[in-house]
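Chain lettering (A, B, C, D and E) follows the sequence in which the chains are written, and residue indices restart at 1 in each chain.
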Amino acid sequence: MTQTPPILHVDRLAKDYGSFRALDDITFDVAPGEFFTIVGPSGAGKTTLLRCLTGLLEPTSGTVEYQGQAVDGVPREFAVVLQDYSRSLLPWFSVEKNVALPLRAHGVAKAEVAERTARALADVGLRDAARKHPGELSGGMQQRAAIARAIAYQPEVLVMDEPFASVDAQTRADLEDLVLTLREEFGMTVVFVTHDVDESVYLSDRVAVVSKSPSRITTVVDIDLPRQRDQIATKELPRFSQLRSEVFAEIRNRVRDVDGPTSPEYVI
Amino acid sequence: MTQTPPILHVDRLAKDYGSFRALDDITFDVAPGEFFTIVGPSGAGKTTLLRCLTGLLEPTSGTVEYQGQAVDGVPREFAVVLQDYSRSLLPWFSVEKNVALPLRAHGVAKAEVAERTARALADVGLRDAARKHPGELSGGMQQRAAIARAIAYQPEVLVMDEPFASVDAQTRADLEDLVLTLREEFGMTVVFVTHDVDESVYLSDRVAVVSKSPSRITTVVDIDLPRQRDQIATKELPRFSQLRSEVFAEIRNRVRDVDGPTSPEYVI
Amino acid sequence: ACGGGGDELEAGEDGLTPLTVMQIPTMDAGPLHLGVEEGFFEEEGLDVEVRIAEAGSAIVPSVVNQESPIGYANAVSDLQAIDQGLDVKFVANCCAVGADPEADTSRIFVLPDSPITDVAGLAGANIAVNSVNNLGDLTIEVALENNGVDTSAIEFTPMNYSDMPAALERGDVDAIWSVEPHRAISESRGFTPLISNFVESFPDTTIGYYITSGAFAEANPEIVAAFQRAMDRANDFATENPDRVRETIVENLQIDPELVDQTNLHVFAPGLDEESVKVIAAAAVEHGMISEEPDYEEIFIRPGE
Amino acid sequence: MNRRTLLGLLGAVLALAVWWATSAGSTNVYYPPLPRVLDNLLEYWLGGAGTEHLLDSVRNLAVGLSIAVVLGIGLGMLVGQVRWLDRAVAPTFEFVRAIPATALIPFAMVLFGLGTSMKIFIIALGCFFPVLLNVIDGCRQLPATLLDTTRSFGITGWFRQLHVIAPAIYPRAAAGIRIAIPLALILVVTSEMTGSRIGIGFVLWTAQTSFNVVAVWGAILLLGILGLLLNLLFGAVERLTDRRYHRA
Amino acid sequence: MSALAPVPRESRLHAVALPAAVVVGLLALLQLLSVTDVLPRSYAPPPTEVLAALGRLLTGPALWTDIGSTLVGWAVSLGIAVVLGTAVGMLLGSVRWVQWLLTPVIEFLRPIPSIALIPLVVLTIGGARDGAVFLAAYAAVWQMLVAAIYATGAVDPVARDTARAYNLSRVQTIRWLTLPAMLPGLVTGVRIASATALIITVTSEILLGGVPGLGQGLNLARSAGDLTRMYAYVVVIGIVGLAINTVLTVLARRVVGWQGARR
């Protein structure tokens, strides 16, 4: 797909929880600067995949390489937004401190920490909530705080697990564009999980569809839309609708394929 | 709006967190059997409103009445799906037990508990995960477990706070229809919070739009679509698009109104 | 400092050698306090600090490790320590028993309405003592045997002296062993005295001694000698001034003055009474409290040697 | 045998080896060679006159500890959830808690007389507080979302106590019991310090006052072993209840 | 939403009057039992007499030096126990093989009564304050240790993942994540260990030689056969414990304020 060596290389990854196989034989590459999205039904194994990818979880078999090096422990250049955002914030620190924490941990100068923290908080619309504690935030605000922490970190690789699930449509659109802008600015690679097919097409360079567990990548859809995206213009492109339907069909297909039409997951 | 006396009556409700005013002068009624949805920007006060409505939180001023009685403590006929679903499941019980718990607490006969639990779990597509513990579920599965618990309870009033935030599009559609079906079957009243405008229009009889905090109800949109909804047919109706735009415009309006065009919340 | 070598004590700036002496909080301590107050120790070049410990079991190790180079323990405790191989030597007399039962500092009491009305009744009784396998049961058994009572069925229950009257009144024990000032307290409660077990077991015998560790004595012979000389003066002074003994006890042990007035005092004799040690050791062997009599050549720091 | 047991055994063997080696040639009367202590343990406590003392102590311990655990969990759940009650009794509890058992014994003797009930009282009282405090704090720190959930489904009364509160405080109660177990042994010994002619404590104190150091070490060894056994026992119980609560 | 559970507002009256009423009630009961001789009056002196003796003590200087010296002993031994117990507890709680290796040894040492160690301690450490501090720290450290081990289990796994995701160093993880999460458990541990440290400090003052403090005062009263004064000392000890706990509670509320209201 890309000529340059991949920044991430996932090779025949499998993960068992006890006797339960969550991931089965996952192989893909991510190119530097790419926006790579994973979609799939609930409980498929997307979170598991991200956790293996980032070194948070040890795979049962297979390997993950970051810039040619086997991943073992989260590489320093990664920032991760976990799905369970509300528990990923430390309740005893203010929002501001939560965002500043990774920067302080890595010895970034005080002034720069303050500046990057303030900017990230403003970016996600939490400027006024900087002094609040996580327990005093709404669900969506907590989620945005977790996002602010990741973008303030200015990672090489940004890994996000359903990061916009709890925010309203307008904020979501704004945050989508924010991530795209930051990617341009810092040349970040983004690995993203979402349930929103529109979102996946709008944001990505490629969308991987995973099947129900034991999860495999069934298709990777190339999003051949112009790189410069716009919430209105891009979504009005006929190609957008085509790709959207393609991904959607793929998800439905995989579900039907694997479980047949009477899968309890989808018959109510 | 409705001739019958309201099942829920909210009168000049206000809520302060310390010196911070989250809700300001909220007044509305919900008719028996109605599907009432609240939408609004992240951090507006929707969760706060639901918590006051259900008696989980004491309002600073104003009253909530359920069937003419002041609400003080959650009425027994309510079931609530909290936004922070992952922490609302008891980690020491299996999914099954979590779902069965409220029923057992109210002395429902064993056989019936088993039957209702099994049905609710099947309804949300968790039949195979019944024996798992919450920590072994994916985010979306946890959310569905919390939903299953509420529907197995067969409440008079079902209160749900962004209940489908973490599930994929297909599951979401299925769960939407599930809630509509159950409402018909049991004559439930539903109070619902969502960020998805399409969802709010598709599901509701009325949609209330709340402004940023201090939160007020700015408009209540009557959804005059035929009562029988269908994921494809209903959404293809021109009236659906109209209503959708109306709600969306209302949300945008309120945001602009209150904060002006340079609100940090929406300028990136 | 586990008793291997002796640390030499150095005099302080005032020319006095600081010396810690451990005592238990009983009336036995009178002469020692008087010696400090009257300056007998100072005149011998010693700056004595008296420290209070609950029992001999804490004092002996502190003597052995020379934290408190000199300490008090009753003869039975001293002999038991020596019997177990601890490096303990007798230094000076503390207190002795006289020959007049009425003046004894120790007594066995029963309730006035007790079925036990005489010494013979104590056979098979349950008697409270402050600790078992020690001076109390030894003197009681010897005293009773001297009175022709079979002691084999007697049971001894250990408890604090201050808890004994309550235990007696509640009937938890049949008799209690009280030493001053608890003897006076028991008397004032109207309990019936049966026997003065010190006088009737070991009359005219020294029962309490100051001890030191052999290692300390070897390293500091002058200090031990100085202590002996001062202690002799203190014992003499105490014998001549019983009122001063009572005063110093009231002050240092915070005992009610009226109560102290009703107490009997020990006999305070100067010197180091070796014969008494032998008498008690023989009885202790007989009653199974030590395995054998010690080597008497080894256990005394004889004054003037 | 799993790794855990193996490592534990290794640790125990290492510790014993160190004890053995350092005491082997010891001429210090207060630190007798381990074989002599082991002899005392085997001959006196396990096979000889000490067994009677051992059994008496163990019985008191079992009764006292059980009372403490039951009362501690029960009252702790009550006080932890009823705020005014906590307000009312907390100072009194804190007052009593600070008083050493040695200083309480005279009062306990007046209340109960000499003998078993006094000893059990001392043991139960001392062990009661760690359990109580842990349970109270556990109740305080229940996650808010969890409480909201139970409230929103109207889960109340016994059911709530049994199925929600109890499992939630369970780890804290277990921590309290773990603290109480060795405390119980200590209090057994303390309670036999005075007014008793039977029990491990009685033997220990008598040995101590007559400088029978080998017997003192023998009693210490015995107490340590009892502590280990009780701990293993509780570990098994914990795993069992854990399975009940967290797996069932 | 992880909002804090609402703290019911309480009047000051509630906070003071209620416990006071309980105390007064208990005292009245004791007085009644003692005066009617249900509890033998001469061995369980009525509260009024004990309070009178307490009054006499309060006016003298001796009691205050005793309190001061006991508090010093308590503070030093608690400090040692808390630091040591927390450090080792965290190590054991986070490195499983160390825990497995040491558990039997620790469980063996824990039930050994520190008072049974007195002769050994006197011999090796000395009988004065050093020995008392050692004994009290010995007794308290185990409680801190157990509390710390259990508290390490209180760290939310998602938060732990976050720390790993951002590559926080071990020290940073401990400072920012582990310790704060452990705090509620540690605070309980401190409160339990504090009482133990006080109890053993007083007990050592009774049993060891030459350690001035409330224990020695109590012991002198007991040896003098003055039960009323002895109970006055018991009351002082209880009040000191209560005061310490109140201070700790206020501190704890500060430290774990984010947890919501606590005792």
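As a working rule, a residue touches a chain if its C-beta (ideal position, glycine included) is under 8 Å from a C-beta of that chain, and two chains touch if they have at least 3 such contacts.
What you see is a predicted model, and the numbers here were worked out from it, not measured in a lab.
Chains touching both subunit A and subunit C: E.
Traced through touching neighbours, the fewest hops from subunit D to subunit E number 1. Per-pair tallies of C-beta contacts place D-E first. With centres computed as the average of Cα coordinates, no chain lies farther from subunit B than C. We define each chain's centre as the mean of its Cα atoms; on that basis subunit A and subunit E are separated by 49 Å.
Distance from the subunit C centre to the subunit E centre is 36 Å, each centre being the mean of its Cα atoms.
Centroid to centroid, with C-alpha atoms defining each point, subunit B and subunit C lie 84 Å apart.
Per-chain Cα centroids separate subunit A from subunit D by 50 Å.
Each of the following residues of subunit E touches two or more other chains: 1-4, 40, 43, 118-120, 123, 206-207, 222, 227, 230.
In subunit D, the residues that reach two or more other chains under the touch definition are 30, 106, 110, 143, 145, 208, 211, 213.
Across the assembly, subunit A contributes residues 84, 86-87, 136, 138-139 that each touch 2 or more other chains. Listed in rising order, the residues of subunit E touching subunit D in the complex are 1-5, 8, 10, 14-15, 18-19, 21-23, 26, 39-40, 43-44, 97, 100-105, 107-120, 123, 139, 142-143, 146-147, 150, 153, 184-185, 187-188, 191-192, 195, 198-200, 202-203, 206-207, 215, 218, 222, 227, 230-231, 233-234, 237-242, 244-246, 259-263.
Subunit E meets subunit C in the complex at residues 40, 42-43, 118-120, 122-124, 126-128, 206-210, 216, 219-227, 230. The touching residues of subunit D, counted against subunit B in their complex, run 143, 145-146, 148-149, 151-156, 159-160, 163-164, 167-168, 170, 245-248. Subunit C meets subunit D in the complex at residues 2-3, 55-57, 60-61, 77, 80-81, 83-86, 131-134, 155-160, 162-163, 166-167, 170, 172-173, 289. The touching residues of subunit B, when paired with subunit A in their complex, are 17, 39-48, 83-84, 86-87, 122-123, 125, 127-129, 136-141, 144, 161-162, 165-172, 174, 177-178, 181, 195-197, 248, 251-252, 255, 264-266, 268.
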